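Order of writing sets the labels: A, B and C. Residues in every chain begin at 1.
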């Protein structure tokens, strides 16, 4: 599967400064400590610097500042992680499914499936679905009535698109993701709940990645919107009518409540919770385990995650704080 | 799909006070800002009042207090959201599946499936399962040995009912929900864990909705119980032997630990965690991102979610609190 | 399904001290309050002591200290919960699937499936997969290219193993679990994200249990590792290149970020979040709803979950703390 490529060619292709022999060839990526001849590795986080000295890689992608400590060929760039990502994509290309529809897939007659698309075993494609060029629908995926999937998008396995959902091009949807289930909308009627029909849909832009078992609810009336380039980790909940701005990344186990609008290029840590009906500015960073209960109007970093301490100390901290809950002071 | 209905008829059917022409017809719901002639909209949250003035809807459902600001026909009621829910259900009726068993479904001979029920493609119905009248089992659902599903309940797609689970009437189970997996029960044996068989089941009442990828574990000995009218959002965990009281609603990403009993008509925010073996009274409200580590005996609102502040300020707040952890004062 | 066994035999088999008739027979387990003649019950948590007095069980497994209060036959042991687990396993043995491949399963020719293994309806087994002796792959599971499953492991239903994942012996994987999806790795390129190929895999040891809808990401370069005897509850996220040490148990809704190493025999509560690149010592206990943002070098109990109070009191506590965020003091 893997190609073999000379360091000189790598440097030329990705604009790296080569320090060492251009003729050595590499075939795969490896960590600094597990590398062997033929490996290319990288150093992007100084906490792994120790591994650099002892690496047996053929070459290491490093920043100018780390190049001096590199005992093998150095591929120098201001952004080693980015260069590494591109090298790894070249050496370990994504395997593509063979076009065609597996005989065990259940495909409605009215579905429009490009001839270059691949539909895997035991997938279900309902009426009026559209699958673009080179789309891959993996085993066990369910694409419901009228959903549309743009070119080169891959649903890895056992993902669900509810009726009417649309996804852009070059997206990746991991196993167990559910896109377009009903939003959580109920009206109170003297102590019981009356379901509010969720008649909106979900629109997802290009180049979006959606993690395993993540859920994105359909809109109550208008649509839930995930703009282009958004990256969602696993087990994330996106409520109805939320909007996630372009190129925002959200780490695992976070939840964005209904009708909240998150800006562009935000970086949201794991296990962050956002209340509903908020507006979050562009370029906001939220550290992990933080509650966002009010809108954020300015770019910057925000937090409320309390770091752990020994349980006995924690009890004293809680007792201290509780004194201030007792009465107005 | 959509019906068209006059405002006069809507007002009569749902007991609304009509201010304006009874003869205008509407065919669909829309948000205030996206509405066009033919739309009916609503105002239930004053933060959207601005949209009211500029709406192009044919009619808006409003409270008495907001009617004055309504530039189009007003449908007046004390609970606009509830009236909206009923109107939306009328204009956008749920599509029902065609009765019958899809030829690709795998159905055990001993299963008892009402002739009005629908079993979708690639669903699995194991031995001794019972499906009531008009039950819909969507594509990819797995209903294991002896599970029972009451009349008019819909499993949308790719949901799992483990063996012996029972669900009432008119329930909705969204994609990826897992009902009846083993509870998390292990006995410690000198540093290793011995599995405690989970021999109970799950009993779910009528009119329950269960969100996408939510998990409800089977009881260790007795059953886990979800009473009638409970609404569970996505990605919620309900531990073994928990009981969720009737008409309680729980927002996404919350977790209720084993053997905890939650009262009736509680409203539990997102990302709330409850420890095990607790008792929560009826009519308790818990705001999002709150930890419940002790029983709650009285109705009321409870919180512990810390709202975010700029990270630099947060560090100072943590440093302050930490001083009180250091020693008894 | 259930066997019937005399109390004398139970005592002998599991090394319990019998106080009462050895000839009574029991056939099933029950809670203290629901027990009837023929039931064996247990008392392991003193908060359920009240039930002991009134139980109608034939026998109760108790500690020496509780035996006096037992009105029926007592089976005495220092660890009643452990003895109960063993008795319950004996009386309620796990049903095993019939060996063989269901005709609706889709199995690649190059897969190596032991003749004693069982592959259920609508499962997908891709190329080069290996399934060991007595492995059970339940309905709707998807085992992708080259994944390996050790003897006696059971994938209950609708679980996913991505390509190349390996699982040890005697494991249990519950419905909806996703093992081996891409880690959350992206390099920043002037405001957009470039995917970092995730070329590692996941290695899971023997006797591991993985809960419903839990996700374990594949490594970026090296593998994500779950050591033997680990127990993971539902809806847990394990990030790429994390290592979970042997016999550690993690409760539901927790998230372990990438490259974090958790020690052996740790007990981690529900809704715990761990940042990435940390090291947690062996024998660490973390209470529920705690954020771990730094490495923990010593065994012990750690916390940061703030217990709920009435919302009004909570507002005062937050206001107090916020004063200390305003400026350096």
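Note that a contact is a pair of C-beta atoms (placed from the backbone, for glycine too) under 8 Å apart; a residue touches a chain by one contact, two chains touch by 3 or more.
The shown structure was predicted, so the numbers you read here are calculated from the model rather than taken from an experiment.
Because chain B and chain C carry the same sequence, their contact can be compared by residue number, and under half of the numbers here are used by both. A rotation of 120 degrees, rounded to a multiple of 5, brings the CA atoms of chain A into register with those of chain B. Here the spacing of chain B and chain C, counted between their Cα centres, is 26 Å.
Looking at chain B, residues 104, 122, 140, 158, 176, 213, 235, 253, 271, 306-307, 309, 314, 321 sit in touch with two or more other chains. Across the complex, chain A is touched by residues 104, 106, 122, 124, 126, 140, 142, 144, 158, 160, 162, 176, 178, 181-182, 184-189, 191-197, 199, 213, 215, 217, 221-222, 235, 237, 239, 253, 255, 257, 271, 273, 275, 277, 285-287, 290-294, 296, 300-304, 306-307, 309, 313-314, 316-317, 319-321 of chain C.
Here chain A touches chain C in the complex through residues 28-31, 34, 45, 47, 79, 81-82, 84-86, 88-89, 92, 94, 102, 104, 120-122, 138-140, 156-158, 172, 174-176, 207, 209, 211-213, 229, 231, 233-235, 247, 249, 251-253, 265, 270-271, 288-289, 305-312, 314-315, 318, 321-322, 324-329, going by the rule given at the top.
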